[in-house]
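Listed after this line are the structures, all set down as structure tokens.
In what follows, chain A forms one complex with chain B and a second complex with chain C.
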Partner chain A sequence: MLTIAGKIFLLLLIGITVVAFSRRAKFLIALLKLGKAEDRSDQVGKRLKFALGQVLPQRCVLKHVAKGDFAGIGHMLLFYGFSLFVISYGFHIAEGFYEKLSPALFGRTFNNLFFLLLDIAGTIVITSIVWAAIRRYVIRPPRLKLSMEAGIILIVVFSLMVLNFLMEGFRLLSEETPFTAWAFVGMALANLFLKMGLQDKAFVLSQFFWWAHMTVILGFGIYILYSKHLHILASHFNLFFHSTSPKGSLQQITDMEEAESFGISKITEFSWKHLLDLYACTECGRCTDNCPASNSGKRLKPEEVIQNLKKHLFASANHLLAEKAGEKQEETEGQAMIGEVVTEEEIWDCTNCMACMEICPVAIEHVNKIDDMRRYLVLMESKFPSALQTAFRNMENNSNPWGIGAHTRADWAKDLGIKTLTEDPNVEYLFYVGCAGSFDDRGKKVSVAFANILKTAGVSFGILGSEEGCCGDSAMRGGNEYLYQIIAQANIETMNGYGVKKIITTCPHGYNIIKKDYPQFGGKYEVYHHTEFIADLIDQDKIKLKKPLEGLFTYHDSCFLGRYNDIYDQPRKILQAIPGMKLTEMERNHARSFCCGAGGARMWMEEDVGERINDMRTDQAIATKADTIAVGCPFCLTMLTDGIKDRKREETMTSLDIAEIVWKAMDM
Partner chain B sequence: MAKGVWIVAEQRDGVLRKISFELASTARKLADQLGEEVCAILLGSGIEGIAGELSKYGVDKVYVADNAALEPYTTDAHAMAAAKVVKENDPSILLLGASIQGKDLSGRLVGKLATGMAADCTDVKIADSKLLATRPMYAGKCYGEIVFSSTPQMASLRPNVFPIVENPKAGTVVKFDPALDPSQLKTKVLEVQKDTSGKVDLTEANFIVSGGRGMKGPEGYQIIEGLADVIGATVGASRAAVDAGWRPLSDQVGQTGKVVSPNLYIACGISGAIQHLAGMSSSKYIVAVNKDPEAPIFAKADYGVVDDLFKIIPELTEACKKLLAE
Partner chain C sequence: MNIVACVKQVPDTEAQIKVKPDGSGIDESGIKWVMNPYDEYGVEEALRLKEKFGGEVTVVSLGPARVMETTRTALAMGSDKGIHICDPALDGADAYTTAAALAAAIAGIPHDIIFCGQRAIDDDSGQVGPILAELLGIPQLTVVTKADLDVDGKTIKAIRPIEGAQLLIEGTLPCVVTAQKGLNEPRYASLPGIMKAKKKPVDTKDAAALGVTVAVKAKVARFIPPPARAAGKIVGGDDPATKAAELARLLREEAKVI
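Showing the complex of A and B:
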């Protein structure tokens, strides 16, 4: 227990901390409130479960340990170790005011156990810190940037541990009845100090280190809010307020007719949750490490986008807060968010593959921010890559990005005897073919194969024929929300007109947008990707895969099927149902799959900076020595076919859609 | 009562452009049906001498404004001068070219005359003594027929569609004062920079010879350039060839490159992936040379040769050379 003066001094220290902490916290919350309103208060139970489920078992950082992301283990050790210390600080302070408020309050065993654990934790934390320092300053993985803040935290946490042990050691030495018997590090130190003849000074020194300890921890409490370690507090909230809308859907612009501006060009146009994202980021760099644009030498680095937005928010904070308070502002030329903080190149480099969001431990929504900035560029400034103009115009005129006559949409099905819904609206399933399946010669082969499978299995299905329109994925992800909404509404009107209930697509882009974005316009259907559907047909024994297929296969997970829709198993299950199937995995598979480069409307743009993403993915497939790359997406099919040609492997390697492979194995 | 079929002639550097003769010939045809005169407006500086050429194609009267402020072309000055002479003479029909200059001028002019206009017409005729204009709509999916409720009945004609017919007339030249108000001339041409490469841009080319992955390397393009030189074509490339660094990006034809519609497109060693077809399938005649008979380009081609292009193209070049020499 402290003396009266000590108590007053401790109160003073705590007072300073509380004042400094709450001033900063108030400021940070005021900044969040600059953002647009967005309701994230629904499903509280589900949110809580998700956040706790991520934080307590440290799933957020451990989910990719199996894939070689060992930094997560270090984080976990630090997290548990440090959490225990936070509890011990509570005891320390309480004990300072009233000596009975120590762990001994809960009994001798608890007390001993507590200090044993604390010593174990301290040892682990010190080890982790040393490991982190070695990793950061010696090994230097590319995803980590050297920053002063990172160095400060390592030093602070390290010294907290050291101070704690010193205090413990001297305290044990000074007390007649030691407060604990199991604090092995403390005991060892006490013995050491005894040998050094410090017994006389033990009490003074234990007091000294106690105060040093308290000062550092309270100072650290303030520092958290002023540094990137804001993450320690913000990430919990960010996980709690994570998006509960369907994974990968974009928030539609609702007031297309009345709105005066579209998309986002100013930091305050983001919703408060998107600003909270900026607080939660701790520069771990996992997003950039997994981004196909970054990996292929493009300018986009998702982590930098988030960090630069954060810096921009803080740099313009005073100005914005004063503006909100209605104070007159001298016109200051702040940085333009688009162009200076985030460049147009970065915005257009994104393939919307969602690798960043998948890996992010704290549920930051990168892609939504980028697509919202695209919307601004397209709808307000009409500034976008010229090649995209061609695609937009073609979608407007002929409802397909290539601009091929809309009336030829159903030509692929001419000789197959497939009915359109006009001819028979009572079919069970609508086969929504999509643009690639309708117009691209390569895609048409997939459509024919899948239609043949459906016919063989006796599925009752029809197509829309020339009434079908582009799904609008490239328009939406290319920032042309206006065009997308026209397209989506037209399709929904047609499909609802026929009373369509169940839809099958062969393209994950159509699958994703119809399933997740069309409901916002009243298009509510049961949607299946053809790999899901074929897997079911095999399960139900409706089709027989009898012909063994030669060679080695590898399956490429399309972003819009895998990460967007968690369909990883069905395509593999289908392949494994084929007799004699030899299937191998690329190094990047499932949720860590590498984009083909065509998502996010990149299919329609030039890729002239750095390496071509499709070539990189092809190289990853070549490394498996497979001779067939199986895919479930027409964009991936095009990109990988091109990659195979670029790598001059046409003679020995091919890429095929799952439907084509299945039809081959059915041997009809 | 409005009377007369008028045209706005186009000249550049003192030479009448082809569209002027197309306009004159078309106006003559319409005027004959109406029993009216054909008048042309000719604007520029030092151009009086070329006014007579228009009479060869059926123009009765050429209204010439010869003024330094009308050269080089600016929208302000030309619209002001043309509007003045049209208002003074009240013609019943006024035709312009849907050329770059004509498209630029017609918008301003139609505003000044407070009338209506049919843009980019592919046919004009007289029905019930009134102009009936036909223009493609929805990217050529259908045609709209336009009649006018005010005069002059204004239409711009798509270049290279209307025939040129000689029909010499005596032709008088009427000089008029454009009465340009300098305070109203808001644009001033400081400098004209011309493309000196002499190469016709891909999007404007009449003939294109394009090479793809089948060219095997940048050297392969020599034979394509040889053929292009002989027939006066512009060289294009597929994305594969551009990506491989064999040709500059400006040569790229396709979805993400240039969208072209020449009269003749010769595709050499191009398989015809949809991304390429999207950039050239509106060409009038497509000729494909490819070793692979399964190449999708053959489905789009009017003429196809399944053979080695390194053999065929030199032969074709020689044959063209001979044919052109005759």
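Showing the complex of A and C:
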């Protein structure tokens, strides 16, 4: 227990900490409130479960350990170790005021175990820090940038651990009945100090180190809020407030007729949650490390986007807060968010592949931000790559980005005897073919193969024929929400007109948008991707895969099927059901799959900076020595077919859709 | 500056054109109508002039009610107001009558420069712009890929590409300029532009209101669809030499081209 003076001094220290902490917290919250309102208070139980489920078992950083992301282990050790210490600081303070409030309050065994654990933790933390320091400053993985702040935290945590051990050692030495005998590091140090003849000074020194480490920890408490380590606190909230809307869906723009501006061009136009994202970023670099745009030498680096937005928010904070308070402001020419903080090139480089969001340990939503900025550029400024303008026009005039006459949409099905819904509206399933399946020569072959499979299996299905429209994915992800909404509403009207209930698509883009975004306009259907559907047909024995297929296969997870919809197993299951199937995996598969480069309307834009993403993915497939790249997406099919051509492998390698492979194996 | 842009509505280039059984015209069902691409260059150039010199852009169009949509497209791009000449008597009007109607409408408003497409992609006549200039009695600079207005806004220098060279044409305002591909890259209407266009004023006028008497000088007698392309033929034969001989024979005896 402390003396009266000690207590007053400790109170003073705590007081200072509380004041400094809450001032900063108030400021940070005020900044968040500059953002637009967004309701993230629903499903509290689910949110809590998610946040705790990520933090407590450290899933947030451990989820990709199996894929070689070992840094997560270090973080986990630091996290558990440090949490234990936070508890110990609580005891220290309590004990300072009232002696009995020590771990001993819970019994001797608890007391001993507690200090044993603390020493183990201290040892682990010191080891992890040494490792972290070596990693950061000696090994230097490219994704980590050397930063002052990262160095500071390592030093602070390291000194906390050392101070704690010193205090413990001297305290053990000074007490007649030591408070525990299990603190092995403390005991060892006490013995060492004894040998060094420091017993007389033990009490004073233990007091000194006690105060020293109290000061450091309280100071650290303040520092957290002022530094990048804001994430230590903000990330928990960010995980709690994570998006619960369907994975990868974009929020639709409402009141299009009345609104004055569309999309986002100013930092305060983001919702508070998107601003909280900026606080939560740990600068771990995982997003950039996994981003196909960054990896192929484009300008976009998702971590930088987040960090630059954060800096921009802080740099304009005073101005914005004063403005909100109604104070008159001098016209200061702050940085333009689009153009200076985030460049247009960065915004258009994104393939919407969601690798960043998948890997981000703190649930930051990059894609939504980028697409909202695209919306501003397209809808307000009409500023976008000119190739995209052609695609938009084509979607407007012929309801497909290729711009091929809308009346030829169902030409692929001419000789197959497939009914349109006008001919028979009572079929069970609508096969929504999509633009690639209707207009692209390669895609048409997939449509034919899949239709043949459905016919053989005796599935009752029909198509919309020339009444079908583009799904709108390229318009939506290209920032043209207006065009997308027109397209979506027309489709929904047609489909609802026929009473469509169940839809099968061969394109993951159509699948995703119809499943997740159409419901916002009253288009509610049961949607199946053809790989899900074929897997079921195989399970139900409705089709027989009898012909063995030669060669080695590898399956490419398309972003909109895998990461967006968690469909990883069905396509593989289908392939495995083929007799003699030899299937291998590319190094990047499942959730870490590498984009083909066509998502986010990139399919329609030029790719003239850096390496071509499709070629990189093709190289990864070539590395497996596979003869066939199996895909479940017409965009991926085009991109990989091009990649194979670029790499001059046409003679030895092909890319085929799962439906084509299955139809071959059915040998009809 | 008072700028006028004339726009025509035409079927989309990809639209399937079916000739009515009696050959009197095309079957309009299922056709997607768009702004004539050459007129779009004209509208864009008009807007750029407005941005540089200030003033107003008036869009003038002619045709049935559906043409309003195209007029709105030009307004969404940034034009200020429209005149829509809508009169069943003008359906199927020839180039002269069309130009006369446009001239009547334009004569009634201040005009410093008038843009037309160099031709429309449906009938390909390419006469409306020139006749319009004649009727208004002002100079015409046709099929231009570059149009530079002097700072004083009184004279214009334009480039017209011709076979193997280009002409630099100078003229004085008011004048008619017909736009060729390459003049500019037409903008994509912004969403606020689209919304605002719905409220911009469009004056709908009929022939009587303009004082135009419909006197058709040229009439399309009959629309005839191009002959359906015959299926291709694959030349058979065991070796290249026989194949070549057979090909030569077919070209000579069947196709009669050699």
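By definition in this document, the second predicted complex is superposed on the first by the 668 of 668 C-alpha atoms of A that agree within 3 Å, B and C clash if a C-alpha of one lies under 4 Å from a C-alpha of the other, contacts with A are read in each partner's own complex, and residues count from 1 in each chain.
The rule is simple: a contact is a pair of C-beta atoms (placed from the backbone, for glycine too) under 8 Å apart; a residue touches a chain by one contact, two chains touch by 3 or more.
The model shown is predicted, which means the values in this text are computed figures rather than measured ones.
After superposition onto chain A, partners chain B and chain C are found to clash with each other.
Once chain A of one complex is fitted onto chain A of the other, the partner contacts of A:387 are limited to chain B, with no touch recorded for chain C. In the superposed model, A:74 lies in contact with neither chain B nor chain C.
Of the two partner chains placed by superposition, only chain B is touched by A:439; chain C is not. With both structures placed on the common chain, the touch criterion links A:262 to chain C but leaves chain B unconnected.
In the superposed model, A:645 lies in contact with chain B only, and not with chain C.
In the overlay built on the shared chain, the residue A:379 is in contact with chain C alone; chain B does not reach it. Once chain A of one complex is fitted onto chain A of the other, the partner contacts of A:404 extend to both chain B and chain C.
Of the two partner chains, chain B is the only one touched by A:604; chain C is not. Taking the listed stretches 186-194, 204-212, 222-230 or 240-248 of chain C in turn, the superposition on chain A shows a clash with chain B for 204-212 alone. Shared contact residues of chain A with chain B and chain C: 397-398, 403-405.
In the complex of the two chains, the chain C residues touching chain A come out as 12, 14-16, 30, 32, 34, 185, 187-195. Note for the complex: chain A touches chain C at residues 256-257, 260-262, 378-382, 384, 386, 389, 392-393, 397-398, 403-408, 482.
Against chain A, the residues of chain B that register as touching in their complex are 138-139, 141, 213, 240, 243-244, 249, 255-257, 259, 273-275, 277-278, 281, 296, 299.
Residues of chain A touching chain B in their complex: 387, 390-391, 394, 397-398, 401-405, 439-443, 604-606, 608, 612, 638, 642, 645-646.
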